[in-house]
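Labels run A, B and C following the written order; every chain starts at residue 1.
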Amino acid sequence: MKGYKGFVLARCNVGAKQEKSRSLGKGGYEMNQIKKIVQSKQMVTFAWIIGLVAVWEIIASYVEKTKRTPDNVLPHLYQIVESVFSPDLVNGSQTAIQIVLSNAGITLFRAAIGFVIGTAIGFLLALLMNMFTAAEKIAFPYLMIIQMIPILGMAPIVLAITKDIDTSRIVIAAILTFYPVATNTLAGFKSVEKEKHELMYSLAARKRDIYKKLLIPSCMPYFFTGLKISAPMAITASILVDTLQGGGGLGCMLSQSLKHAMTIYVFWQIVFVGAIIGILSYALMTLLERLVSPNKKAKR
Amino acid sequence: MNKKKHRKITKDSVTSVLYPLLFGAVIVVLWQTQILHKILGTDTFVLPLPDRIFTIIGDNMGAIMENVKATVIVSLGGLILGSALGYLLGMIAMAFPKWGAGGLTVVSAFNAVPIIAIAPILNNLTKDFSEDANTRSMIAKTLVVTITCTVAMSINAFRGFTELKPFSLDLMKSYAANKATIFFKLRVPNSLPYVFTALRVSVPASIISALVSEYFAEYIIGVGRQIRENIVLAQYATAWAYIVVACAIGIVLYLILLFAEGILLKNRRPRWKSV
Amino acid sequence: MVGMKNTNDMDNSYLNNDMSATGEIGSEITIENLSIQFPDKDGGAPVVALQNVNLEIKPGEFITLVGPSGCGKTTLLRTIADLQQPTTGSVNIRGKSPREIRKEKKFGIVFQNPVLYDWRTVRRNVCMPMELMGIPKKERTARVTKMLELVGLYDFGTKYPHELSGGMQQRVGIARALAIRPEILLMDEPFSALDEFTKEKLHVDLLRIWSKTKKTIIFVTHNISEAVLLSDRVVVLSPHPGRVSAIVDIDLERPRGLEIKDTDKFNALVSKVRNSFEGV
């Protein structure tokens, strides 16, 4: 019944639209449609991207004319795209894009492990801090300190202590992840309005139930904010650790390419792939959030 | 449920300071007595004792300060430039809201791009800006930091300009205020807390960016670079000295930020302290 | 174990369509010499929220606490609910302390703000207190349906709170409070945030629900007309210090409809209540 009604209404609306645009003159309807598309939000973002591409190309053209090895400085975008499809073997067994993608997989995998561990620790810490005031008091200043000190800068020393590149990668990714997750989740716990607590109190709810039914569901939006912040950071950390030592991974390929052990286009491809992975990780977290909290209607 | 809050506040603030201090003292003791080394499975070569670290700091103050200067100039310079630029971008986005919002979406995508990728690009781009290797590197590094800070500030500034309390804009319009007046008397003061939100993120980020971009720079200077170089040379004690220094820079700058925030945001609606 | 016993009774009563068959007719409440003081934050004289309140509330009575801000009406309600401790004096609910009643989960609270969980549907929101009591799923589902019918939201069970209007959300709050078959329903300015039209509709609904379920209802409001329309008795409180100024019997006939607001008797009672306030 609803469907039929909707269908009828839609037909009426279309009729109305055509009526209106008929008064605008011939082709008015189509103009309206085009105008609508042009003014939409996606169009704006698209326009910006076109703008950036244009700026890049302009700089690249300038570079081409003035530098000896323009490829090293800023190649044209189409050159980069070209290199992606080029079948030339770069290091004897793989093409440029193959190297980039396979190493991307390695880096991502390692980042993911650290990310998951960091998330788990962060969430548990927030839970502990919320349950025990003593834990909160102890942890709070140290959390602040972790925010203040440059963890990424300490990457070399973590490597030296753990002596194992994979462990150090996981440790750093975990540290970088657990801070945003912990602070955001804790903020989520604390954001629960007083009346909700009072309702639980008036029902003499057990602590276990309060957490399960109220606090944990409430903190989900905040938890995901933390995830969205830390996912790209975990990837950055993983790439950085790659640069410190051999053993594959995007960062390793990046420094090799910079030192001209292989074509510079590997470097450029890594730049873009790295950017894309970072943005995708953010998008992945957003997707996860939609799966977990299907009732989210607006941006938080 | 409403217990007496009065007395509890004093005891509360004492334990807030005491507990973490005790915890920190415990860690330092574990460190100095090398129990920490046993836990982590490492030795005093890689993880030197605190007293040795501080001795080295004391002995090498001159060299250390040179590097500190280089790092701080880069990070503060980038911070100021980036924040100013970001604020400006926020203003532009506010003036043309439709384009602004879309533009800022693109800008925030930069957040997801690893700085590892940006640093080398900028290094190469700025190669010709100066004859002197040191200056070239400074410029490149500062640019990296600038980009990081611009992103954070522009998004927050835009929010600060546009997330006004309901009806405050209507109030101004009812006084027939023009756009400039509205901007200076309403939007700018409203944006101040958001500016500090951005700074809370960009101050630590500027230090990290500075340190990381030092790795890729041409000229070997800076606290971050020294950490790396000393580790490569297996001079762990010196590396740790620089790590401590790096942490100190981070803490000092952040405390300055908190202090400034306390002064400039005084008397505003206090942040809701949870019960 | 308590939950188990009640379940069997609930089943029968549901089949009999009779809400009060299990003896959950509201209890009587005795308040003796209740005083509540809050220490002043800056070390000055303590704030006297309530002073020497004496009140006896009969089982199944609809009683309203009325007064301006600062008169202690909300404090009094919260004390009955065990959300606030007396400084001196006592509150007794059929011989037991509020804490014991609370632990028995015999309170139903409705706040001014609906306080719904926005990650749960309407049905699951109404379910939530029953989950805490360990009531089995089949019984829960049956009760939720009954409650939603009672408040007139049967078709909205699968909606999320943000899809409902303020008045509808508040009705969900009422359904949720009633679902656990409380003895006492405590309502703290539940309709203050709603517009006049919604308010009137909810008044009619609430009167209908109360006549069907016979709970003791303690209602707090600053709206005199609302108080007179709904209650058996109106307790008038005045501030500085918070105290009972008068208790006005509302001897209007039941069932009451909105048209009673036009009668002289109604308006006389409203005036009587208004004139009972002291020193505002």
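Going forward, a contact is a pair of C-beta atoms (placed from the backbone, for glycine too) under 8 Å apart; a residue touches a chain by one contact, two chains touch by 3 or more.
Remember, predicted model here, so these are calculated numbers, not experimental data.
Relative to subunit B, the chain whose mean Cα position lies farthest away is C.
Chain centroids computed from C-alpha atoms place A closest to the centre of all protein C-alpha atoms shown.
Distance between subunit A and subunit B, defined via averaged C-alpha coordinates, is recorded as 20 Å.
Subunit B and subunit C have CA centres that are 51 Å apart.
The distance from the centre of subunit A to the centre of subunit C, each centre being the mean of the chain's C-alpha atoms, comes to 48 Å. Looking at subunit C, residues 83 sit in touch with two or more other chains. Multi-chain contact residues of subunit A, defined as those touching 2 or more other chains: 198, 201.
The set of subunit B residues that touch two or more partner chains comprises 1. If you check the complex, the residues on subunit B that touch subunit A are 1, 15-16, 19-20, 23-24, 40, 42, 46-47, 98-99, 101-103, 105-106, 109, 111-117, 120-121, 124-125, 127-128, 204, 207-208, 211-212, 215, 223-224, 227-228, 231-232, 236, 239-240, 243, 246-247, 250-251, 253-254, 274-275. On subunit A, the positions that touch subunit C within their shared complex are 193, 195-196, 198-199, 201-206, 209, 213-214, 217-218, 220, 293, 295, 297. Across the interface of their complex, subunit A is touched by residues 81-83, 102-105, 107, 109, 111, 113, 115, 117-120, 128-129, 131-133, 160, 162, 180 of subunit C.
Of all residues in subunit A, those touching subunit B in their complex are 39, 41, 44-45, 47-49, 52, 66-67, 72-74, 134, 137-142, 144-145, 147-154, 156-157, 159-161, 190, 194, 198, 201, 232, 235-236, 239-240, 243-244, 251, 254, 258, 267, 270-271, 274-275, 278-279, 281-282.
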